[in-house]
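Can you keep this structure in mind? I'll have questions shortly.
For clarity, chains are labelled A, B, C and D in written order, and residue numbers in each chain start from 1.
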Amino acid sequence: MEVGFLGLGIMGKAMALNLLRHGFSVTVWNRTLSKCEELVESGASVEETPAGVIKKCKYTIAMLSDPSAALSVVFDKDGVLEQMCSGKGYIDMSTVDAQTSSKISEAITKTGGCFLEAPVSGSKKPAEDGQLVILAAGEKALYEEIIPAFDVLGKKSFFLGQVGNGAKMKLVVNMIMGSMMNAFSEGLVLADRSGLSQQTLLDVLELGAVANPMFKLKGPAMMKNAYPPAFPLKHQQKDMRLALALGDERAVSMPVAAASNEAFKKARSLGLGDQDFSAVYEVVKVAGSSEES
Amino acid sequence: MEVGFLGLGIMGKAMALNLLRHGFSVTVWNRTLSKCEELVESGASVEETPAGVIKKCKYTIAMLSDPSAALSVVFDKDGVLEQMCSGKGYIDMSTVDAQTSSKISEAITKTGGCFLEAPVSGSKKPAEDGQLVILAAGEKALYEEIIPAFDVLGKKSFFLGQVGNGAKMKLVVNMIMGSMMNAFSEGLVLADRSGLSQQTLLDVLELGAVANPMFKLKGPAMMKNAYPPAFPLKHQQKDMRLALALGDERAVSMPVAAASNEAFKKARSLGLGDQDFSAVYEVVKVAGSSEES
Amino acid sequence: MEVGFLGLGIMGKAMALNLLRHGFSVTVWNRTLSKCEELVESGASVEETPAGVIKKCKYTIAMLSDPSAALSVVFDKDGVLEQMCSGKGYIDMSTVDAQTSSKISEAITKTGGCFLEAPVSGSKKPAEDGQLVILAAGEKALYEEIIPAFDVLGKKSFFLGQVGNGAKMKLVVNMIMGSMMNAFSEGLVLADRSGLSQQTLLDVLELGAVANPMFKLKGPAMMKNAYPPAFPLKHQQKDMRLALALGDERAVSMPVAAASNEAFKKARSLGLGDQDFSAVYEVVKVAGSSEES
Amino acid sequence: MEVGFLGLGIMGKAMALNLLRHGFSVTVWNRTLSKCEELVESGASVEETPAGVIKKCKYTIAMLSDPSAALSVVFDKDGVLEQMCSGKGYIDMSTVDAQTSSKISEAITKTGGCFLEAPVSGSKKPAEDGQLVILAAGEKALYEEIIPAFDVLGKKSFFLGQVGNGAKMKLVVNMIMGSMMNAFSEGLVLADRSGLSQQTLLDVLELGAVANPMFKLKGPAMMKNAYPPAFPLKHQQKDMRLALALGDERAVSMPVAAASNEAFKKARSLGLGDQDFSAVYEVVKVAGSSEES
């Protein structure tokens, strides 16, 4: 199967390599063309423009860093739109907001081409291991045709319906995750102030009904007040805010998410926005020197 | 190794059988003596009073249904105290409040005997499979002597320090669990109202960083508005309240637990106290017939 | 002093009559021109277009029903902009969002004219009695020149600095008001469920440090489950949301406003959006028929 | 009318003087007898023990500093109980918890005497001016007989039913007050961070529907970060906790009070427990030096 691939950042490179390794014929493009070299050594072809990739390939996957890059690759000179047409499919796996996704979707569809948004859950390691979770939405037929590629890139893909649903699903998941991080932080502080060992709490949690990879991964670092940014707090807070806004539209009352969001905002006000979102632990922990005993 | 065993309810019977199966010599007592028969068939001896068990055995384990039963077995006529003395150990694995545990601890210690509180995490199935998690606190030496029995009863035991710490650890864990259940409920409702499939949300969660047995087990039932009481909501709310009270003592601010607690209280006011604690989902879901679209 | 007046709805008519009564020379315009008749009987002149009013008067006050009306009067054919010019002042007293206000401000300023936003606090009765509170922002010089009119329309006017600050001040005040309404509702329900008389609670509150007109006015109606819409709940919830969004921008954590907002959202989901915002009382009160005793 | 009066602290002295001034014949007692002198100069008689006052007077009012003093005066040697009997009435106006009040009530009633709890709202100044608000509960007949004294001591008295209701009413009022203080603090911080003048916010609030003495009195001090303890934060937080506990008993969900309570707890953890409860403003305000702009 032949596919185009736009964007060779940390994620994109790992994904394109996976496709090559599994026998796909891959034509790549990257803004900084030199980044294509390693892929060429692994058997990829190169085109000098996004339009060139689209022209050559029936299916093209994009993995760009942010909404502005995702828009630029489609709408700029030598961009995707110049060669997009009926019979071709464009799959954008970048993480973008619903509005950006809709804009790209409309433009692609107007050319007669097919569009799929397909944001992923998972970062560098799962990308390398082909263990991403893919949240696809848009043209169902295109989804079915591209499944062989998704099978290589992810451990599981979902088709979620109309464009925008991929982004929404990520918001719901991240909202749950953000509230859980607050619950976890409150538990860690309560344990400590009550004379219990935090390490033992982690051990007990690990053996019980709420055991989960996040507690296991982040707990030990939080105990050392270390928050290396895997998912920056300001992005988590933005997702909480967007999830609450979605709930506002639908009149869904979510008091626990709202309380969690306010804690993340307090963390931002303490200058922790660029730390990992587990730094909300600092908000729960903070206490004065003259604290009551 | 010889142990006494007081209380043959669902949990106690499974535990005593496990001990017998692993070669322990077990002397049992139960308020309704007929319940001892099955154990006798499996090789247990029987005594007619708690005092009789204590007299015969160096170590006695108790697994009673509630605080009043735990107190009665110790303090009543023919109770534990009548034969307790230096050189003997009493291990109470019932789930009781800190106050009850302290009262028993003081009485046992006054006789010269050793005391351990050892509430467990896990219900019928883990009890049968020897997969409980044991949260022990009290006399360290006794803990070390009784480890061979704990190894049979549980997959893991913890020694948490002074009497009361076992109960506190359970509160912290249940508080985290209660907030997680609220976060989960809010996510399920938000997904549904946003036009996303709840089943897909469960599937996505199951593959990600917050995957945990509770979501997996309870999610499908919640989707069907079914809340068979594994852990009754009124007990979960009581534990949230007690955890918040512990936080009050120590001046720990826990806004997410507080918001969760109010949702559980609302659930109680809707008559859901005897349902499983996952019934808090009903509180999030409830909306009027003239709801805005 | 001569002023133009655009918009003769409930508020605008009362305000224009007040100006006439106090000796102002007033030229009015209204989309439905027949509404001008009563004003003419009281001595007003009429123009057939907003542009006509602007051409005739040095100062023109607008009191339109919503942002789209406010924009239409300025930007449409025969609108304000066609005659606006240096030496003239435009005072928009409509309640609009900051974005609308900025758009109008820019357009007016570009013509060389002066702009003031001046939303008011208070509804029909205070408008008739000249007891409004005026929250003005924009061109300071224009504020000072128009004070004679403000003195007639309101009991007090404030100059708050740059355009947008009037809208923000309203948000802050309404946020406080919304949280207070929730606190009041919780108190009323707690009193009732605890066997205390709600009327006595109102009487005690009225005599104490938190006595305020809102409790006094709305309390008796709430006790009867009556919520005639003075300020619709959906508008109050929108203002809470916008206040929280403002706090999000500035990283201000406001957990009590957030909890209040979720209660208003729940009220919307119960179909209470068009009732008075005091209907949030229903959310606090709601309980199942099988409620615990 | 003749009344006994036990306890001549700041409040008690002012109250007893008021009674004398209005023609009551008053017999006083105080633990430190020298404090009776000023009262004697104003026409009071003195007895050397509480029992002596009870023996002499048909009605005796007590105004003690705390629960232990209230209990001591009743139960100790030479205490109230020694002379209490049918035909006599005892009115305890001290602020005590419901449990203390019940204990005293039972003991008095057992002698055949009548009991009224009558905690007051208001401090030194209202006591001197006879402007207290009296929350009476207990024996209705006694309430009616003692009204002439209440008319002198307070601007208003309420009869609330059975013993305990006076304390409960105070909790409900203080809960509303505590949430309002949080709402007010959030508004003050939001105004400041949004570039609005806090003084103007106070002025606008003062003119609107939520104007109340507390905002007016405490606002200016809060703006200067001054919290002279009129009502200590730790006592306000205790009352919030007790009100929430009352709500827990009755299954009343109160998310705004719960969020407010957590803010007060955070204030305690910052060492502000002995400041005025308006110091919760510090919790809302706190932000890091590297705060986002």
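Criterion: a contact is a pair of C-beta atoms (placed from the backbone, for glycine too) under 8 Å apart; a residue touches a chain by one contact, two chains touch by 3 or more.
Quantities reported herein were computed from a predicted structural model and do not represent experimental measurements.
Comparing chain pairs A-B and B-D, the larger number of C-beta contacts belongs to A-B. Where subunit B touches subunit C, over half of the residue numbers in use are shared by the two copies, so each contributes mostly the same positions. Comparing the centres of all chains, each the average of its CA atoms, the largest separation from subunit B belongs to C. Subunit B has its Cα centroid 38 Å from the Cα centroid of subunit A. Annotation: 55 Å between the Cα-based centres of subunit B and subunit C. Chain geometry summary: the mean Cα position of subunit B and that of subunit D are 42 Å apart. For subunit D, the set of residues touching two or more other chains reads 247, 251-255, 258-259, 262-263, 268-269, 287, 291-292.
Within the complex formed with subunit C, the residues of subunit D that make contact are 121, 133, 135, 155-156, 158, 160-161, 165, 168-169, 172-173, 175-177, 179-180, 182-184, 186-187, 189-191, 193-197, 200-201, 203-205, 207-214, 217, 243, 246-247, 250-260, 262-263, 284, 287, 291-292.
By the touch criterion stated above, subunit D contacts subunit A in their complex at residues 255, 259, 268-273, 286-292. Subunit B contributes residues 241, 247-248, 251-255, 258-259, 261-263, 265-266, 268-269 to its touches with subunit D in the complex.
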